[in-house]
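Reviewing the structure listed below.
A, B and C are the chain letters, set down in written order, and residue numbers restart from 1 in every chain.
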Amino acid sequence: MSTLTDLTLAQARDKLKSREISSRELTEAHIVAMEDARDLNAFITETPEHALTMADAADARIKDEQNGDKIGPIEGIPVAIKDLYCTEGVQTTAASHILEGFKPQYESTVTANMWKAGGVMLGKTNLDEFAMGSSNETSYFGNVISPWRRTDDNAGQIVPGGSSGGSASAVAARIAIAATGTDTGGSIRQPASFVGIVGMKPTYGRCSRWGIVAFASSLDQPGPMTRTVRDSAILLQAMAGHDPKDSTSVNQPLPDFEAALTGDIKGLKIGIPREYRMDGMASEIDDLWKQGVKWLEDAGATCVEISLPHTKYALPAYYIVAPAEASSNLARYDGVRYGLRVDGDSLEEMYEATRGEGFGDEVQRRVLIGTYVLSAGYYDAYYLKAQKVRTRIAEDFRNAFEQVDAILTPTAPSAAFAAGEKGDDPIAMYLNDIFTVPASMAGLPGISVPAGLSADGLPLGLQVLGNAFDEETVFRVGSVLEQAAAFDARPAKWWGDKS
Amino acid sequence: MSLDKATVAGIAHLARIKVDDDRLETMVGELNNILGWIEQLDEVDTDGVAPMTSVADMDAPQRQDIVNDGDCRDRVLANAPAAADGFFGVPKVIE
Amino acid sequence: MSDTVKAPEPQLIQGATGDWEIVLGLEIHAQVVSNAKLFSGAATEFGAEPNTQVSLVDAAMPGMLPVINEVVVEQAVRTGLGLKAQINNYSVFDRKNYFYPDLPQGYQISQFSQPIVGEGIVHVELADGSVREVGVERLHLEQDAGKSVHDLHPQQTYVDLNRSGVALMEIVSKPDMRSAEEAAAYVRKIRSILRYLGTCDGNMEQGSMRADVNVSVRKPGDDLGTRAEIKNVNSLRFIQQAIDYEAQRQVDIIEDGGAIKQETRLFDAGSGTTRAMRSKEEAHDYRYFPDPDLLPLEFDDAFVARIKADLPELPDDKMDRFQAELGLSHYDAGVLVAEREIADYFEVVANGRDAKIAANWVSGNLFGLLNKDGTAITDSPVTAEQLGGLLDLMADGTISGKIAKDVFEDMFATGKDAATIVDEKGLKQVSDTGAIETMVDEVMAANQDKVEEYRGGKDKLMGFFVGQVMKASKGQANPGVVNQILKNKLSG
């Protein structure tokens, strides 16, 4: 029943509510799609039985008319969860060998919120190991493959971006109606751009980090990955909220995000940061960006050039701060309390063998960089310097948002690339996040909306950034962009059952 | 500045990661590459700039002094590679 | 405290090359009195079954996050005020990174460059009455580690995380102390202040207070020498032993032409020696950085003022008041203020009564029996109110001081009130002149020869007659009345 898997979250929600469809049939259709799409390697753990139990419970709640008002905002909707979110009793790996087999005895706040809102869990999606990567090629459980292929190369595998690559592929390939991601330096927005879906990073503090495997604590933020901006708003509503268990979770009332989608941006001022026009940027990216400006102006917004002078330094500063925090956050994976243990004759040997075998190359690289930049004699030159640069970057945005309501940029400097294409050069890989990292460093919300196709037929996204805790404007501008772009391309099915 | 093999080996030990000798060579090059690229931050004037401590502009929340957690040894030990007699076990340590 | 008191002499070690001075600094780790841990809701009680007071946060499960306990913040501020220290309205929690099985996060959350409390001062009095002013460098909050048990399994070390995440205050002194006695007195004083404040129970046996001792030696007048840090010494006696051993060891090394290595050492209580810790042999690089899971800790002056308004009277102030207002001797006051429980007890006994008599009874008779029994004053079978009642019976002449001592022993054994015992045993002092006159007459009749001698000028015999009358009264006659009547009759 392929049409069921084509439903958006908003459409499915309405059909479930009117009992035109049941959560069980909707969920079963997605389970079939999930099993059929194993070529994509989008999931580390599939939980079909779990999903059907949750679907039946949702159906029961929907059927019980008395409980009509207790039906959650995503009641009965099958979603995929990035395998960085701890899920009670269900293996949670962070795509790392070191956590293989780990079954949390607790549920992350965000997923707990989602289940309370009626969500149905299809499974846990693949990602870059510990969310460190931009192409989903660092997972211990293998690469995730994008459902997209280049028009001129029908066999070549394309990366879905990263780190939330499994979630991206699952949503783009119609395996899940929606999925969760986490964004540290672009891990939701960049893969969304690569696979032609909507990826939203909320303001830092909007969603609880409790129960999500930490990469870089001052940057990590959970967010929704969906096929439409409306779906994004609905899912964020179900995920977000103050959590007293997370000291960095903000205690502010949650706006009605879906209600922000008025379609009206008349009079809004949109900033176009000149520093994002990088040397050597592909002209199709620049063209798409100009097209975006035109779409917004046609809808009644005013676009003005702004300056974010420290943009260029966001990425190198990020590659100090994030690895530094990661080196400390990943110290707990020591083979003592959970996860992999590789025996050794002494404690030291056990530690070194466990972490040497348990962590993949990219994770090791970042842990070593992070260890180094915090070490005695280098702290001031690296970590402290980077945090000062970060203050500068935040100031840039603060100044900009005194003049404008939102900022429009490309999401990524290029379309998706082929697997292995950037494998040998870490810095070339890091540059993928050049447009997403600055807002991460300042903790600001951003959305990537699919806006066009590259010359070789791969999706391209545009990014809308907003002021802190102003996700409403981000959604509003994003949805106008979405309507204007009318992106309706979808990947030709090459995986699984071709019938 | 440039890291040599011994320094990288020292960092790896500090991070308790066993890196085989052949990979250590590659790692030295990669880390130097990344650190060299990072050095462009020197161009930024940060005199008198306070380092960012938190992107969230809020006060640290505080919890009440109430015992409402713990007493869940089974859950704490559930994933332990070596647990015995209610303890976590590790290779013998000599202090 | 009066500043006319002299400072103590340094303890010198006589070496082959001359005298050596010991320089000591202490880091006291004091467990904060709180129900729950510093960053989690698990209990802090001592002695629970292994890993039963461990939350998922304390076990550093993936994705777990810390949230600070508000009472611990208050306790740190209270302690800072008690140490007359600078309170920092803005402080930061840092991560101290190192690997050890009893440190589940792989880092300890502590405060490095911006602690909650800054410099303060503690006055430490020694046995000879000299006083040392010891500077407090800082006080910061940090998480305790778990416990490694090495002797339960031949090939394994066992880890219990019950203590993991319990709130500690680390109180760092300046290197101001010059003798083992001073160091012990300093710890005793800090312990006393903390117990007065109710911020640490000071129980060294259970590990709720322990000290790292930094020891170095130098020729008097020289710059500071290289120090060794002796970790986790958990009794006053061990602190002194460790210092004496370590200082002598250092002198011996230097005089043999060696150099002191800056290192962490362990005190072995069995042999009274110190040895280098194997697990800390390598140079540590803790890679401190602000914990991104926590925001900076901020509070306003009103918060501090509120705590200050509720501070109890501290030992130094009490000491001054006991001397100035109650007229106690320096020594007595010192004994009574050493522990808050003793001072509290004494103040109830002394309330409305003669303070000196109260002091003598508390530090003499009561302490005597408590010590004999090994009972703490908080468990005393005689309450302060009961002891007060006994003193009242003495003051109004119902019983004599001598009888009072016997009554007190009974009270201690039975827990009964003084009045009850006096009634039951008929110990009421006889002040009835008629009855006493009869007894005096009988004694004089039985000792005619002594009466003659007295009347012949042998005044000293007065004591003999008093003794005889008291004996006849079984000690219950009022000695004053006996004296008066004897004097009249003998001279008559």
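What we mean here is this: a contact is a pair of C-beta atoms (placed from the backbone, for glycine too) under 8 Å apart; a residue touches a chain by one contact, two chains touch by 3 or more.
Bear in mind that the values here come from a model prediction, so they are computed numbers and not experimental data.
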| item | value |
| --- | --- |
| Result of counting contacting C-beta pairs for A-C and B-C, higher pair | B-C |
| Chain closest to the assembly centre - both centres taken as Cα means | B |
| Averaged-CA centre spacing for the pair chain B and chain A, given as whole angstrom | 23 |
| Separation of mean Cα positions, chain C and chain B [Å, integer] | 41 |
| Whole-Å separation of chain centres (CA-atom averages), chain A against chain C | 58 |
| Per-residue overlap in chain A, given as positions that touch at least 2 other chains | 102, 105-106, 218, 244, 247-248, 327, 334, 336-338, 347, 351, 371, 375 |
| Residue list for chain C, restricted to those that touch at least two other chains | 56, 59, 67-68, 99, 101, 157, 159, 285, 287, 292, 294-295 |
| Per-residue multi-chain contacts in chain B, two or more chains | 14, 16, 53-54, 56, 58, 60-61, 63, 72, 75-76, 82, 88, 90-93 |
| Chain A residues within the chain C interface of the complex | 86, 92, 94, 99, 102, 104-106, 108, 209-214, 216-218, 244-248, 324-325, 327-328, 330-332, 334, 336-338, 347, 351, 371, 374-376, 379, 383 |
| Touching residues on chain C, where the partner in the complex is chain B | 34-36, 40-43, 49-59, 67-73, 92, 99, 101, 148-150, 152-161, 266, 277-279, 285, 287, 290, 292, 294-298 |
| Residue ranges of chain C in contact with chain A within the complex | 56, 59-68, 95, 97, 99, 101, 104-107, 157, 159, 285, 287-289, 291-295 |
| Residues of chain B defined as touching chain A within the complex | 3, 8, 11-20, 27, 30-31, 33-35, 37-44, 46, 49-58, 60-61, 63, 72, 75-76, 78-82, 88, 90-93 |
| Chain B partner contacts - residues on chain A that touch it in the complex | 101-103, 105-106, 204-205, 218, 244, 247-248, 250-251, 310, 312-313, 316-317, 319-320, 327, 334-341, 343-353, 355-357, 359, 364-365, 367-369, 371-372, 375, 382, 384-392, 394, 426-427, 441-443, 468 |
